[in-house]
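Input: one structure, supplied below.
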Amino acid sequence: MGKLRVTVWNEFRHEKESETIRSVYPNGIHQAIGEGLGTTDFEISYATLDDPEHGLSEEKLQNTDVLIWWGHKAHGEVQDEIVNRVYDRVLHGMGLVVLHSGHFSKIFKKLMGTSCDLKWREAGEKERLWVVAPGHPIVEGIGEFFELEHEEMYGEHFDIPQPDELVLVSWFEGGNVFRSGCCYSRGQGKIFYFRPGHETHPTYYNENVRTVIRNAAKWAAPTTRDYPKYGKAATPLEPIKGYNG
Amino acid sequence: MGKLRVTVWNEFRHEKESETIRSVYPNGIHQAIGEGLGTTDFEISYATLDDPEHGLSEEKLQNTDVLIWWGHKAHGEVQDEIVNRVYDRVLHGMGLVVLHSGHFSKIFKKLMGTSCDLKWREAGEKERLWVVAPGHPIVEGIGEFFELEHEEMYGEHFDIPQPDELVLVSWFEGGNVFRSGCCYSRGQGKIFYFRPGHETHPTYYNENVRTVIRNAAKWAAPTTRDYPKYGKAATPLEPIKGYNG
Amino acid sequence: MGKLRVTVWNEFRHEKESETIRSVYPNGIHQAIGEGLGTTDFEISYATLDDPEHGLSEEKLQNTDVLIWWGHKAHGEVQDEIVNRVYDRVLHGMGLVVLHSGHFSKIFKKLMGTSCDLKWREAGEKERLWVVAPGHPIVEGIGEFFELEHEEMYGEHFDIPQPDELVLVSWFEGGNVFRSGCCYSRGQGKIFYFRPGHETHPTYYNENVRTVIRNAAKWAAPTTRDYPKYGKAATPLEPIKGYNG
Amino acid sequence: MGKLRVTVWNEFRHEKESETIRSVYPNGIHQAIGEGLGTTDFEISYATLDDPEHGLSEEKLQNTDVLIWWGHKAHGEVQDEIVNRVYDRVLHGMGLVVLHSGHFSKIFKKLMGTSCDLKWREAGEKERLWVVAPGHPIVEGIGEFFELEHEEMYGEHFDIPQPDELVLVSWFEGGNVFRSGCCYSRGQGKIFYFRPGHETHPTYYNENVRTVIRNAAKWAAPTTRDYPKYGKAATPLEPIKGYNG
């Protein structure tokens, strides 16, 4: 089996506009994420909002096994046509890992069917992520919990469909909890939402965060099978009394 | 507790255009569904595609506890604005029962986040619906299975998210199976998809079908609680070290 | 519909042995729970460990719609024969609400198929229970969260099967989280696990706790249908080629 | 990563007692299953009921990543001590693939928490297994459905907890349906129940059946992480007001 082809998509605006954020992620959040994946198991490429077609041409997506998505302040600028293209690829099997503020991206909301709204607070508070599904491959190599000293808070109620599998739950210093690692399938594709990663904190350098993203990319890898045949199935598989269709 | 306010929505085109179908449902599919609900527990009203605002004004929806939806050939004519209005009401708690070809309605696809595609065949074949969740309130009063002598076939793969609860599975004479009774929650709202009901068959006069729809309407009844507060939650519930927000 | 017949089962040892605990629950935890249910919708009776057959005769269980279970220090004294009797009734439709340290009862472990182990700490710390399923009938009448000033801590990992529906998640002052409100179905029966209720704290007088237990009892009410027929089904429903069974 | 260590457990009584069955599986069902797994990805060993400790010594289980289980007529002869040993290993991460009549094994019932009862009929009828989770790794390499010309029928209601993931649904010639491929997690272990495999039919030579079992073994592979720490956690992770524990 060859390497998994991962495309890391980043809005890449904060890093250009704010020196503070640039100092945390000098090459952009996407590069920090890609660096964390490493090249042993992955063939990594990047795409950003301001690339032509947001870097997500039909060809690019056809050659992507797993797409990682970070966006925040410019969700509205992502063209519907590209959203629909990504959506179609997910239903056909491409994995999707949605990070942090990507909860409000068009693609995540379209796949979830809910508002994906939540509570939030920027107080640089402590977050402790607890493993609630200890046998799940996404938390392999993670202890019973891990901590992020300073993060933005996301709190319940998080308006998502009940996850197919809930893997992580966050405790926040300020008194909130959050379902932080959520697995879904849509069509032939697998989707993982992972909470951490505010742009002002060095979260994507954290080894536990990197392990989770690496595991999630592997978990979300497509299976190789034909897309189901939908539509008219006139010829029955078994005889039907009185029917000669 | 007063009666549940149920609005039955029907596309209501087949019945006008085809004498054959009109002979099955002379007053429209919606009336047959409403008649099956009965007025003991429900206060029933009707809405159809060709009514102003498709019969689904803001006021009408605010006064609807559970919306039942039957549509087929004119999904594309349902205005996006009305779809968004129904969507918003579901997230705020209104129940939604989607019947048969409503699987391809805009509102169901929007709430599911998938294509909702399936296999189908019009061969008037036998369908046998098996109860796979015998403790579920939606199948109260139903035996181990029930049969419909002649129905359109819907077959797997049915491209829906994994149901929160799977209640019924259909066996078809022609060799197919189908997940025929599927429960979901979205926001504060409950959604039930129920397969049977092709326009050429007298399915909505069937006592078992009526029992399931009646139970589903009760199951999908809204709970009475405030909509969650989303967005900025600047004031923490607990002190955060170094934060005076 | 008549009143729901609820039996509240309590180990009833702590209250007899400790004056401190007796001062919190002078008539036993069961009485405080029953008082919280009220008699408007429920016909309440009580059963305790030291009653003959632990108060759970075959007849008693046949006349119980929902059983509420509180146990802690004497799980081992509950006879296997009675456990099997309760188990059988749950599979046949009786609802079961398991409270707090009941997580380690024989009946809960038998129904879950896991160790039901967890982390715990008696530090009288603050617990805040967040609603994560805002449309669920079990949290009707509850705000976005509610607090218990002093409770025993139960922390993840909680070794249970993934709940069919997760309704509440607890935040603890000492840094832990817990899945505090978990729905399951087993056979025809519905089971709700609800975390709070350490014997040294007046938790079962708390109005929010009482509301949840009241709602849970209603949610767990049996449906009225025949038990499925299992075993040999020699006569096919459809003809089988070459078979004349 | 080395090869996955799979132990195939077989009751191995039918094959000894019946010449008909022996003619189908001359070396026992276990050997046919093992042959289907192949040695490319697996290191295979065998264990049977009449071996000392049923072939499942503590050491053997410690060196088993995934256990495959076929049993039928002698479930009662499996010693409780061995059942508990297997159970403990599953909670600690060992995968378990339960085949066909293994639905009534002590170990499966203990892990499910239900009766695991079902309808059955030996009429040698046709079974068609439909994929309902097309992106799931367990059905990689399988078409939209596959057929077994002659099999025992298992029909709903199948008294299992709702699967975490439902992968396959069977259509039977005689008019029944069945949830034929069911995923669960228990503790750190993953469990897959797979329906086909009556002892009188050459089902375990079928290429699709073999593919599913091979995929299931890989899917059920343990993750490598420490078992969670349960029990007293006296020292809080965060300061608790008024507590110096």
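Per-chain numbering from 1; labels A, B, C and D assigned in written order.
Just so we're on the same page, a contact is a pair of C-beta atoms (placed from the backbone, for glycine too) under 8 Å apart; a residue touches a chain by one contact, two chains touch by 3 or more.
Please read all numbers here as calculations on a predicted model, not as lab measurements.
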Exercise. Look at all chain centres (mean of CA atoms) and spot the one farthest from the centre of chain C.
Key: A
Self-check item: Pair exhibiting more inter-chain C-beta contacts, A-B or A-D
Solution: A-B
Quiz item: How big is the gap, in whole Å, between where the Cα atoms of chain A centre and where those of chain B centre?
Solution: 30
Quiz prompt | Between chain C and chain A, distance of the C-alpha-averaged centres to the nearest whole Å | solution = 36
Quiz item: So what's the Cα centroid distance for chain A and chain D, whole Å?
Solution: 32
Quiz item: Of all residues in chain B, which are in touch with two or more distinct other chains?
Solution: 128, 131, 133-134, 144, 155, 157, 162, 164-165, 173, 175-176, 185, 187, 228-229, 237-238
Quiz item: For the complex, which residues does chain D have touching chain B?
Solution: 128, 130-134, 144, 155-158, 162, 165-166, 169-172, 175-177, 179
Self-check item: Contacting residues of chain B [partner chain A, same complex]
Solution: 91, 110-115, 117-121, 123-126, 153, 155, 157, 159, 161-162, 164, 173-176, 184-187, 228-234, 236-238, 240-243, 245
Quiz item: How about chain B: which of its residues touch chain C in the complex?
Solution: 93, 128, 131, 133-137, 139-144, 164-165, 173, 185, 187-190, 222-229, 237-238
